[in-house]
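Next come two complexes, and both contain chain A; in the first it sits with chain B, in the second with chain C.
Then we have the complex of A and B:
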């Protein structure tokens, strides 16, 4: 694909991973609308086998759009230039499982169908067994019984587990997650994050996890990429970036984290007085 | 003396009930959204009501606003029971900032005309002073004067929520209820809007109730915390006590589940 010249010198991912191990390579990705408004500008990053990368940015930063471009499911009206090499099998988990799941399909049939498409020649009963096994792996209790459930019969957390099972049915080497816990309550979110972390380790999958929440990303990712206004702001090992942010915007993001502010403020804020709710 | 807001054994039910529903065979057990809640909020305080989806936190506060009617119990404001039909003065005294400013602001009106309308309806200031008051309100929420002639679609999410706050404050309420007022905002914007709420509480003395699923938000803005689950209050008390030594296992679970940046530093070198 054609490389688009850029006016500014881009911030690029300078890490040089072992090229044999690279499962996803995004080079100079540029997305713009038909009337020429740039949405993603000169984004480059690489993902090694088994690596976990968190992409953090505000609404409109281009983080989800970049992730969707990896699978080629960005809106068709957008003009894409640059190179995306995803040699490995990739699968995506979306933000809102209620809308991502087909409401007229039993959740077991959905997962079994995906599995069968990726295992041509296998029988229906083999697909059913595989789906039940996947349900078990993603922590769905009583998986054989849940096979015949409709999406609306499940809670948000259970639906997201079904989505993850559907993604796993393709035996992905790269798992793409687009804000998969944003629609969930905090306790369910913690469970899903723990599940993703376990699956990534067990299956030696690479993962790209897009979120607006730095704290969520930090619980599942080792590397961080910060985006703003469609451009890469900063990238590096997550712990390093959090400990010593190199860019003003990253510092703003960290400064906005309420837990950090509370820690800075000390245990008891002097300006607030307790009224004693009774 | 009575507290500003007293919620006395309030329950709120949803679903088909009543004679007509029974006649049509639609009756059944109603969903109990709020279950026998008693709560008292003194004037001048900042209280956070925390809970997950379906805990009844928003429903309870919407009852205080008069947006739904409790099945039983009584809500008293300044010691007086709140009636089903409220007079203008009572409605003025309790104001709410909603979650999504994109859908709660009139898209056809400019920001200036939105604020002028509430000032006029409630006769907050004489007609001659409306102009100056609108300007004062925009200053109060740190919006530039140019926003006055803009329609909501021209504004960012954070700016829209500042307009929502200005609209609520235009009526000089005694009680300001912020219902997930920052959950639709980006994290940097959220922090600035929370700082604004804390500042306004200090300058205007308004009693603040924050309804949220975010525990850090409660710790950041509020002095008191109320934890709700399945329509009931499971724990309440000063924020520091609730967070440092939660008495209810559910509260402890919520605190433990909150994602933390500390995970990043904790895994460093691992």
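Then we have the complex of A and C:
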């Protein structure tokens, strides 16, 4: 079960390798541009049913690309090799809710349309009711009224809730989140993170959460995967990686990112890791 | 003495600079609204005239008053009569019932054809895109007017050949315009989101791509109406368009041409009527474009 490219790390992946329960398996994923510049190299990981995995790394580390490859929506110009085996329904929440919603479509119609696509034979009114129910579940106040709203009439946080409702409309078993809170202010970010955490627990979904922000990832994920320059640096249970980072890069990331934010909040790494994992 | 003046002068010059950007935007928005109001008023007036012609026209546009040929303006004939004694005002009003819908048709038909081709070419690409774009290159290599005249000439005069020639020549610009928009839109995250939501390509094209191209198309369509109104009149003037005795502004000018010296109003007024309508569409198109840019 060793997935790290180096041998110096003391951390091993302690999750039981129960293959029946694997919903997403990425093996030796390799992405490069047409002229041969590697963007992701030999990335392998597995995701079990109901498991939450956070992928962290700096901008350009290939984390978003890897996530997009799972759904086959990486840029067409890239050359992909390796195996991606997604045995479950997967849905994605995008980084920028302002551009991920069609400006010419009412938000309710979008969610109802997605729901109906995944529930063939259901009536329009059933889809409408389902969309309103989903709006309610993602914490949209007055969901019936918001059904007819245009994307530009909603705030960033509301739009992201709509995106999440759209993802839920596919009844996903795996939720792929591509920096879903990066475009939001800190207060709204916390609300969306709490919402995602609640949904993952309630619906027993697996989740892959990509972010450059270790603190954000650690509030919603059990397991951590650190990437740099398109390669996997380190992976393991969140508490282990944070408590004893095996790689200098992870330590840097922790120092630059988590420590500062924890200091701001007056908390210690230990309290965060125990508090963040359900 | 100069020392205390300098900061005041600086402050005075600095404040307009700081306020310039928002003020320019406000001014732009206001001028867009003014254009839209002017254009909208003109076009609405024409549409009303066309709709109400049977009630507001003083006379039957086809009725010939043999005793009053080329009658000057009077209380009976507000703008006089033409060479066969028909009331000019009534003919102008009834002509709107021909010119407006025909102008709309010869604009909308190429728009529909061009939009359909442009969307498919832009989104699907491949050999279809290559073929359609080469055909459009070919068509654009000819002067538009010449091509249309050749087509109308070979198809014979009348409404049918006008529709065919306008459509065959006019779709090119719409196809290119929409194709470029689609190439931009297909990279948008909401299209990716629609793809990951499991929608099929036809639905994505109709529900997600097409609506986002409409604004640009409508702006061009409005400007294209300017061309349609004048081109229609030109074809009728040349005898290829709407035929006598049906009143149409272009053929009214053609019919009045020999009597220019005796009765200049018969050519001037239909010309003005065409120009003002074209101006109305131009204002509308301009206003829409301005509003889009803000």
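Methods note: the second predicted complex is superposed on the first by the 241 of 278 C-alpha atoms of A that agree within 3 Å, B and C clash if a C-alpha of one lies under 4 Å from a C-alpha of the other, contacts with A are read in each partner's own complex, and residues count from 1 in each chain.
Rule of thumb we're sticking to: a residue touches a chain if its C-beta (ideal position, glycine included) is under 8 Å from a C-beta of that chain, and two chains touch if they have at least 3 such contacts.
Being a predicted model, the structure only gives us computed values, none of them experimental.
Asker: Give the label of whichever partner, chain B or chain C, reaches more residues of chain A.
Answerer: After superposition, B is the partner touching more of chain A.
Asker: Looking at A:105, would you say it contacts chain B, chain C, both, or neither? Reply first, second, both or neither.
Answerer: Only chain C; A:105 stays clear of chain B.
Asker: Applying the document's definition of touch, where does A:138 land relative to chain B and chain C: first, second, both, or neither?
Answerer: Neither partner.
Asker: If we overlay the two complexes on their shared chain A, which of chain B and chain C does A:92 touch? Say first, second, both or neither.
Answerer: In the superposition, A:92 contacts chain C only.
Asker: Touch test for A:186: chain B only (first), chain C only (second), both, or neither?
Answerer: A:186 sits against chain B, while chain C stays out of touch.
Asker: Applying the document's definition of touch, where does A:117 land relative to chain B and chain C: first, second, both, or neither?
Answerer: Once the two structures are laid over each other on A, A:117 reaches chain C alone.
Asker: So in the superposed three-chain picture, is A:195 touching just chain B, just chain C, both, or none of them (first/second/both/neither)?
Answerer: A:195 sits against neither chain B nor chain C.
Asker: Is there a shared patch on chain A that both chain B and chain C touch, and which residues make it up?
Answerer: No residue of chain A touches both chain B and chain C.
Asker: Give the list of chain B residues in touch with chain A in this complex.
Answerer: For chain B paired with chain A, touching residues are 39-42, 44-47, 52-53, 157, 186-191, 194, 198, 202, 213-217, 219-220, 222-226, 236-240, 244, 253-254, 256-265, 267-269.
Asker: Write out the stretch or stretches of chain A touching chain B in their complex.
Answerer: Where chain A meets chain B, its residues are 58-59, 185-187, 189-190, 193, 212-216, 218-219, 222, 238-239, 242-243, 252-262, 267-269, 271-278.
Asker: Help me check something: in the complex, which residues belonging to chain C touch chain A?
Answerer: Within the complex, chain C touches chain A at residues 188-190, 192-199, 207-208, 211-212, 214.
Asker: How about chain A: which of its residues touch chain C in the complex?
Answerer: Listed in rising order, the residues of chain A that touch chain C are 71, 73, 91-92, 94, 96, 99-105, 113-114, 117-118, 163, 166, 169-170.
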